[in-house]
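In order of appearance the chains are A, B, C and D, and numbering begins at 1 in each one.
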Amino acid sequence: MIIEGGIVYDPKNGVLGEEMDVSIEDGRVVEESRDGEKIDARGMLVLPGGVDAHAHIAGGKVNTGRIMRPEDGRRGTEPRTKLLRPSTGYTVPNCYAIGYRYARLGYTIAFEAATPILEARHTHEELEEIPIVDKGALTLFGNNWEVLECVRDGDLDKLAAFVAWGLRASRGYGVKVVNPGGGEAWGFGGNVKGIDDPVPSFNVTPREIIRYLMKANEALRLPHSVHLHTNNLGKPGNYETTLATLRAVEDIAASRDRQVLHVTHMQFSAYGGTGWKDFESKASEIADYFNKHDQFTMDMGQLIFGSATTMTADAPLEYANARLLKAKWSNHDIELEESSGVVPIVYGRKNPINAIQWAIGLELALLTEDPWQMIMTTDHPNGGPFVNYPEVIALLMSRPKREEELATLHELASKRSSLPTIEREMDWNEVAIVTRAGPAKILGLPEKGHLGVGADGDVSIYEIDPEKVDPSRDHKEVKAALARAKYTIKGGEVVVRDGEIVAVPQGRTYWVDASVPEDQAAKVEADLASKFAKYYSIQMSNYMVQDAYVTRPRVIKAGVI
Amino acid sequence: MVIILKAIMISGRTLGQGASLEAKTSPEFFKATSICALSESDYDDLGISGEANVLVRTEFGEVVVSARKDDGLPPGVIFIPMGPWANAVVGMDTGGCGTPLFKGTEAEVEGTKMRVKDIQELFADLLRRGGDRS
Amino acid sequence: MIVEDVLCPFCGCLCDDIKVEVEDGRIVGVKRACRLGSSKFMGHERISGPMVRRDGELTETTYDEAYDRAAQILKAAKRPLLYGWCSTVCETAKKGILLAEEVGGVIDSTATVCHGPSIIGIEEKGLAGSTLGQVKNRADLIVFWGANPAEAHPRHTMRYSSNSTGMFTPEGRGGRKVVVVDVRRTRTAKNADKFILIRPGTDYEVISALRMIVKGKGDLIPDTVAGIPKSDLEEVAGMMLAAKFGAVLIGLGLTHSRGRYKNVDNALSLVADLNGFTKFVVLAMRGHYNVAGFGQVCAWETGYPMAVDLARGAPYFNPGETAACDLLARKEADAMMVVAADPASNFPRATVEAMAEIPVIQVDPFPNPTTFLADVVIPTAVCGIEAEGTAYRMDGLSLRMKKVVDSGLPTDEEVVENILDRVRRLADDN
Amino acid sequence: MRQIVIKPRRGFRVPVEAERISPDVFAPLSIEEIRSLQVWEGNRKVTLSDLFEISGESEPAPPEETVISLSGDFSGVKRIGENMTCGKIAVAGDVGMHAGNGMAGGEILIEGNAGGWLGREMRGGKIAVLGDAGDYVGAGYRGESCGMRGGEIRIEGSAGDYLGEHLCGGTITVVGDAGDFPGIANRGGTIVIGGDAHLPGAEMASGTITVRGRARVLPSFQRLETVEIDGLRFDKFLGDLVDGGKGELYAASVEEG
């Protein structure tokens, strides 16, 4: 296949809006294709397929969201066709809608952001049903008893061996840490209040948990860094916790050419104020810190006005949300491992808190100077559904659009954030970084997010001419074009044409198989055997995700050499 | 004179019914399921004894089942294990939520000399009705 | 040969520690299973072979003819109902949903006569739950409300709840309080520290009274509530507030009684209220071993957990309108396919009469009254014993069921897939 | 006024979904175009005239001047008058579920009985039923926090369970009995029940419910005083206190025990 004459942005390979051909053969980008299929992309924007590094798209929490929200299910309903299964849902779409909607946006890979090991089988059952895109799942470690005990005992080698085991057991891709220690405390209805607040019964602190897991992550040379949801997330004044967390790990070095820590949906962790009354943005403090510390990355967690479904392993936060909003509340604690919660929410333009939150996400993205440190996300569906990515990109590219929006919001959005003063408008190269090249690098996916030879043949083509359209002024055109890819090509196959799905291949599931020394693995196995005998409600032999649940794996090797 | 007891009928799982749940044509299922448990006082009030049968009647139908004493039941509540005998007297209204009222049907109970129908007999009249079988 | 750690395909406990002894390809012994589970492992009478009804009689036939007949019936129907899906694995459910899409049918599960109202309650309030192991390790108070695990889930108390031991519960039953609320003194009630006998159909009022007491408004409620002295309710509320971790385990006593899903709705609110003071979770005591699994699969595939109407190609969900008993009560279904369930036994008689008037396809290992009404009968392997696949425990935990022996029979999944293929071929012919 | 008369050609065992039967849809169409509107009978797409005889003036008219007369048994026909904003539908007979779904204006008169979910998520207009109505009159869709937000529903007979569930506005009058949980989770609507009711106003936050017959009242309602309305004495209750509600419940007679 040859994609002819498009305006290509490929930041990783230094291609900045050049008119050029892209050739794909056998699913990969090649120098020159002998294959006859030609796609005329003249006058169109050509990007690598989009990479979503953080979204809640599969597993127990997501399905709980669907089950408790039939009122969401009926939004976005589309009947089946000869080619497609039916779609339902807006914030919690069914599996098919997830795949189709990513593809229509030009996205070709997405990562489920939080999977407990015990329930990973369920996550994979759903991932297998999501069509078209490649996917993977990050595995939760931050409240796991085995982790807490290794940290308490100061046994880093055993911890690394357990992380490797846990990734294999869950067929997981990376180490996710959510409100470390807080999830365990929630087992008896408590929480931790900061990084030095000890976890009940285990005598370890969140600081220690984070540091140890980061060290284990680097000892295993995992493709992705630790992926952290900070303590105190969602609370006024939490930027101090966020900065304290980052300062606490400044001495840890990355084992690979990538960040040493990814802090996710930073919008929810960049709050000032002592309560909701004096709630304000501290995005500039966070961004300043990131501008001086290039070993850290973040994603936005941008808020989208309207309906959302919050879902997170941060269960105490969700209980607080539900009580505050008088909303329906689901909680799910997972024995020995995690907790989680799901609460629907409607973000209102005239709600001062929501308006400030909206501004914070944009401030973070625009004040962080290096786009390689930043990923565009909405923490789907916490900040809002991923189908709104074109809206977010348009906001990042257009100050006039931001001003138009601000004019419709509660005035505190302008007063309690610096957004009105920010002039920066991202260009197409920066957009390509924060939606493609950056997340691929941050996740450690060398074949994704670019169009160099050997890359996966994942390409998105939009009907917008970057040489003619001024995104600042023509932001509506930008948003419309990005919402409906002219073509999405997945693994060399055209899956979207003119915004419609034309083929439904099945993507692959990434997981990381990390090797560890046998003696360490044996120590972990012995620990776990005892835990299963005494504490788990199932047998150890029935625990690990079987191969039947990952039918098209792409296994990445890592580990202690 | 026939003594008629007014009661609330509930149905539910029992061990015996459950153990033969997937052997519906077995004598074990018949024995475990075609029964009606009554409180001791209700049982005695009916003037029955031993292996007596009772006729349970509701506005939705009637069924003959064999009576049992159950010291866990309060007077005025009768229990028939979930299954076709119980369902012979349950109404089909789904209360707007898809689920019939399996517990809480007002019933009348009386002693009877009639035999308990076995499972084939219970469905015999439905079979004859058979619809479009082409 | 002993096969270890086998999952039990009976109730929602989905015990996964069963030892099954196999000799010459037959099961000769079962260890650790309860009476319900053992009975299933040791086997029952089976449907002898595929059958179709000819001249009013079920007559043996080939699988191919049975599949053809089934496909023709479904294809001809304007309002086919595809029901069951809970005593089988998730892989069957996936194919079943696809089949329902293909024939424009309504698909519903046995939850509709079980915990369907609990799910509708969850749609109102959400579910503050946990895995069963969390209860085992932490709960110092267990409340069984309208649930009788002693007969319905015999190993529940030992493995997961009142009598289990765990990290923070080393004393097991001795370190726990157990409260039972029911309309009769069940075997479970006899083992309780506190038993509250309520009148049938008054659950909602009693829960509201408890919520008032928990929220410190007990002085506003009357001295008796539906016949229960306020002091009894105050005692229960006191036990709840004193608990470090309480678990409310709800049964069909709530969902099958007057108030139905609103009873559950209120129980969920009680648990949410209690979390303002201490830690509480609530779990539904699901009946069939994979009734939870159908709900999960149906939710991720269609967006809704049961009672999904696919007549217009887009999923529509409204129990009360689109549940199996609704369609039959209104006699609107014009064909029915039953997979791994026995509605003829489990639905009200008047509802079953509607089944007798329409063509019925049965896919099941075992003969039962649904067989009496069926026009096509297709015997299958028993999932979890003769076929592997996925099942979800009552708490939503997914596990892989094993195949212990070979039956030579097609699996439920294969049967549904065969019918689906034939339906598609019929569609192509038109 | 342009009148369109619709009569079923036969009975419907399989339900018909006919949300196109609405003055807003009919208004700009000729009679021939109306006949060829698509409806569903179960899983089959058919035209309106496949199922119904349709007569009336051929020329389009504004929707507010469009009257649709349904004559015969429409109990198997769902979603009549869905989302209508003006005009009138008159039914000489019964109607199926979801009549007047999301209705914003205009009028529906049903001389017979109405199925469940009558006036679901209604925003304005009037519905009158001379017979009985099913469950969920003026309620919401599953999971939503608001049902009916405005308009009026009057039922001369009795109503089923969950009358006005999640009512966020508007008025519902039932001359006969209501079933279980009328006005549950009421958030500001008004309900008047001429007959009896079981557990009215559960979880209500605001609004008013009047039961002129006998009511079983939840223990979470506080009896305030006795008041006289239209010559009838009522016990006035405040509730549902379990959720800090400030709704008013008036009951002429209270079931004890």
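Definition applied: a residue touches a chain if its C-beta (ideal position, glycine included) is under 8 Å from a C-beta of that chain, and two chains touch if they have at least 3 such contacts.
None of the values given here were measured: they were computed from a predicted structure.
The interface holding more C-beta pairs in contact, when A-D is weighed against A-C, is A-C.
Once the centre of each chain is set as its mean CA position, chain A and chain D turn out to be 45 Å apart. Look at where the CA atoms of chain B average out and do the same for chain D: the two points lie 38 Å apart.
Computed centre separation for the pair chain A/chain B is 56 angstrom, with centres defined by C-alpha atoms. Multi-chain contact residues of chain C (touching two or more other chains) are listed as 120, 123-124, 258, 310, 312, 317, 319-320.
Chain A has residues 68-70, 74 in contact with two or more other chains. Within chain D, residues 116, 135-136, 141-143, 180 each touch two or more of the remaining chains. Every pair of chains in contact is given here: A-C, A-D, B-C, B-D, C-D. Contact residues on chain D toward chain C in their complex (touch as defined above): 13-15, 17, 40-44, 76, 97, 116-117, 135-136, 141-143, 180-181, 184, 199, 202-203, 218-220, 222, 240-243, 257. Against chain D, the residues of chain C that register as touching in their complex are 77-80, 103-105, 120, 123-124, 204-205, 208-209, 211-212, 215, 217, 220-222, 224-227, 258-259, 262, 266, 269, 310-312, 317-321, 330-332, 334. In the complex of the two chains, the chain D residues touching chain B come out as 116, 134-136, 160-162, 180. The part of chain A that touches chain C in the complex is made up of residues 58, 60, 62-64, 66-70, 73-74, 77-80, 85-86, 88-89, 92-96, 118-119, 121-122, 125-126, 129, 145, 186-189, 201, 319, 322-323, 327-336, 339, 342-343, 534-539, 541-542, 546, 548. Here chain B touches chain C in the complex through residues 8, 10-15, 18-26, 60-61, 70-74, 77, 79, 82-84, 87-104, 119-120, 122-123, 126-127, 129-133, going by the rule given at the top.
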